[in-house]
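Remarks on the structure that follows.
Here the chain labels run A, B, C and D in written order, and each chain numbers its own residues starting at 1.
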């Protein structure tokens, strides 16, 4: 059996279908998409890719299926879905996801179109697997698809541990061995066995700590926002949407350098915008908390106008309200399947804690930061620039 | 400079005072006191000792002092206190702490008597350090003593990481590098610098998860309760209190085997009592939650009597209500020093979560478990034996 | 399936036979025998036990059998042998092995007598396993017994990684995942598959580096020699041989403190003898290199006499010539099974390197070190005390 | 003090000069040059960069200087050199080094031209450091430059551990803590203190094992050779040499896809050439072992001609004879500084072992592998294609 050495799970054995899927161009492309996009501008060791992550998810799915006693055709489809779950990502992964969704209506976990008439689709066909069924498993929370994408999915288990390994931030080192062993499949739901409320909480807590320290670090948010604006200009001006979604990280970085150099070169050299405004949720109006895409762009234009700077010099970054998907994971408590949020005191507190970590960001080049700050305070009605760090 | 290889912190450099302190019999005795007493009956790799832990605490204290810019005489006393903070432990550490406190009035962090006329005291004297000052630092939360024993002490930072390393349970792997770097000393208080609410929370969360999974695992609690009862019999019947407090683990294990074999041999071979009753806080009356030492012993006798078994066959284990010491750690938030419990939504939730993890245990040999369960339900007015696991 | 958390291999699943064997007193005793006896006087974190090591060996054996496609009855016997391979050890493991061999003629891997009429034997019987066959597998290099004790056994794979984890010395971190996957069973021989000369070498090199740095560190050798001499006096004077072989570490440490305090207390407090002579192989005569047990004791008495000190104050430690068992491991090269020593240039060099690391030691209390050194130089005809460290 | 979190060394504190150097475009470019170029086609987790490696080398240099008691101006220059030692690399690091040397006469450690009139040079100037002196330290083995580039340099110490961490292959996990502590500076030479022959050997052995398993894995060699040929075509046909040397990995990957797609696309999708010939040193003539660049290219053309395939379909890869630079590292033995090769039996054996690992490779697309093999056997006078793997 083919095996791949992984720095997190050691050897990963590949079944024959997986071994062939790995060799397709669609999967090899994942070698060139970093798992954490702009996070490595903060944590330099975090250059790992969706290629190795996908192998890790496949590995944990295989082990979970084995512990659940599921094999044969059902297991084969789930394993393929686990392996392929990220091939729908655009360049820089989550960082271009909103842009692609706005323009195509497609989320990254919608991969039906990538399994039809492609090398990946051919491999599935040749092994008697149904591409449509695989795509449905990738997209959905139903049935065993929950293992791939759900409140207790192995995707999250892999990325937490892997991101911890590569960033050096230990908070993500959950006990995936225990999580995988304690999974049960009851009435069509993936749940954790009796005695595992704390196991479920640990997953929630690990992600909450990684969120604050890693995933939403302000430097990564700034670079990410710059990358998203630059990508929009690229798609508007220079490359087709079709071409864009097929790009990998290196393609995008070069294209931005060529076509949107005022942002592209800055990202490449980590010469980033600075925070002109950094405001907690209680310091801003509800309107600002709920700024949508169009409104944010309009605000940017208005701020630029007031500040007398180029529109490209202002970025308004109003994140959506935080959700805690894991809070709906299921655990058996005294023989009854319960939602974690009903069984754990921590879920509510984490929701509140997430709220206190929310920040409105307005970013600008250092040279015009003060002007942009003044204009933004005015336009967005923020009491002050509130530069205190999260 | 002398250096010791440690499996957690790699090389630990010892200053000349530390190098001599390490060679004293009082400190060498810590080689023979396991850090986690009976936990290794659950996690077999957890055989680490207070010797290596004490070196680790010394190491982190040295680094913290260096980051705080504190050196000279003050630092020398703190480093000595860090190294010596555990020499007051009896055999099996925390497991005999209550017994020793009841009989001597002394806590394990009261070490004045161990620095007077001992090799340790001589070393301190010879290097111009004041033993009394060292003992006060070990005991107390005041001033730099907080680094050794306080809400943000390096004791906790070391044991969480070390216990994780040795048990294999990852929850304790906090970011001690960050914690040590972010410490500040303000107005006589050890606090965390701005931007570290989550850093403080991570410490709290790590301990909460380790509590449930490791420190209060029911098997370890059972063995610990057996050890405590056996030790009492030993002190009552066979060895003097003076002799007892000076014992190390191997001395106690042999003495129990010789003098209290009905419990001692069981502990040695992990032939443990089983849970006859295991009841959450809401299933028992306030009286039971607050059972003190005398009342617990009386209950044991009564249960044994009702069940018709020997008193040694019943152990009532009603833990004290959980406290979360770290909740009072201090963090700078927007320039102001605040208690974590006032700055974090999580503290309250953790308190509640700790409450749900509380369990009353009644333990008995397997052969009489049913009789003891029936009697305990009757005597303690528990509705049922409630055997669901934590 | 029962699972145990291990700090090296994470969860170890136990088959039903193993789960019952683990609960026997014979196996539980291994909790109280440290894997590295006196090494922890040098590397304080190395307090791990033969209990966890035995679980690790069982785990690797299970995986190796699975990769080899061996199951059923044959596999069950090998797994049991892997688990039980160390139950024949006396207190402090290898440190009392020679003494026990001299007095009983038994090596630690001779365990037939421990499977007859014991709890372990009963468990094997109850599950239809043949105790004699298990004991033969533990003892021998034949057939699948090579997996348990042979040139490519999983015993070595586990202890190297485990000792590295617990000492903090990284040299032992071999690639056990690869070793286990590349094992083949050909014509009754356990061999490594094609392309693994370097894999085999890595095992050899890891052990060579661990030998010099850990296993044969002079402080551990001194303490070990003191322990052996003390144990002899104990058996001669105070406890029966039968009692001695059944002791665990804590029993021996207490017994030595009671009956041979002049050595026992020193070991307990790491107040060790020092090197009076430390001579490389080229500095001493062949007679000295080949000093056997009786001759060493005679030399001690003579040196003590010349030096005018008590015989207990002189220890002559002339290790046997080094052997490199792994040099005879087998690897497939160009389709042919070859001995590693015939396929690798490194084996010969390692033999020579081991020779240069050989040291004759004569140890004495610091207070009489000079006298003993002078006498030893005279009696053993060593040119000088040669105190240079290895 | 600025600190960066690293997955290998945890927090790395940057002195003020380093903090500014890190922000220059010349240094930021290292974020986009992978440490192990094509190795990640074999070990998918190995996506780490020269950016993080350079920080690691800076960190170990700082610690080594501190242990050596060297500070002030001398130390400042060495630290800067350690940080900057890799800024002279072209895209894909070592993989384009020969090409760049042939065309420019410059090695990657020749960085004088990068310190003149650049942001890096400005930072050095502003802090009173001499760019020329820094460049000389990077280039040379003299004086403290040995710490940066020499037989015992911290460059090697960092990359071995880092490559092990990121590939998952444990052989590189040397004891860098010990190595750094045991360095001494004697008569202008960096040496290891008494008692460290084995420490020096461990460095040698780690690299030998990593060479065979990682650095010279045949898949990485094939991809590397393809990349080198493709780069030559790129420089010949499409981009200037000046442009080429300033490229980072992403620039080159895109440029190859655009201008040399027949090779570039294959590298991107890991659709690699296969081994047509793979012959050990004893199977080929001395002429072939010593094939230089021109002769290799000529052989490729001749083989292509004989095989009737396009010249781009044949790659001859005759590595230079292995050298073991570490064999000349210095260790104090009995008070005298000696070369390791004179103090260790292992060095000679490793030289011989390296020789047995040498392989001539001839690579071709799978579709024409047989034709190319036949032609290569003929042209290079290899007895057979010898496809056995290393």
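Going forward, contacts are C-beta pairs under 8 Å (C-beta built on N, C-alpha and C of every residue); 3 or more make two chains touch, one makes a residue touch a chain.
Keep in mind that what you see is a predicted model, and the values were worked out from it rather than measured.
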| item | value |
| --- | --- |
| Any chain that touches chain C and chain A | B, D |
| Most distant chain from chain D, judged by the mean position of its C-alpha atoms | B |
| Centre-of-Cα separation between chain B and chain A, whole angstrom | 40 |
| Length of the line joining the C-alpha centres of chain B and chain C, rounded to whole Å | 34 |
| Separation of mean Cα positions, chain D and chain B [Å, integer] | 50 |
| Chain B, residues touching no fewer than two other chains | 5, 10, 169 |
| Touching residues on chain B, where the partner in the complex is chain D | 3, 5, 10-11, 177-178, 181 |
| Chain B residues within the chain A interface of the complex | 169-171, 173-175, 194-195, 198, 201-202, 205, 209, 212-213, 334-335, 344-346, 348-350, 352-353, 356-357, 388-390 |
| Partner chain D, residues of chain A touching it in the complex | 4-8, 10, 23, 25, 28-29, 31-32, 34, 40-41, 43-49, 51-52, 55, 165-169, 249-251, 253-254, 268-271 |
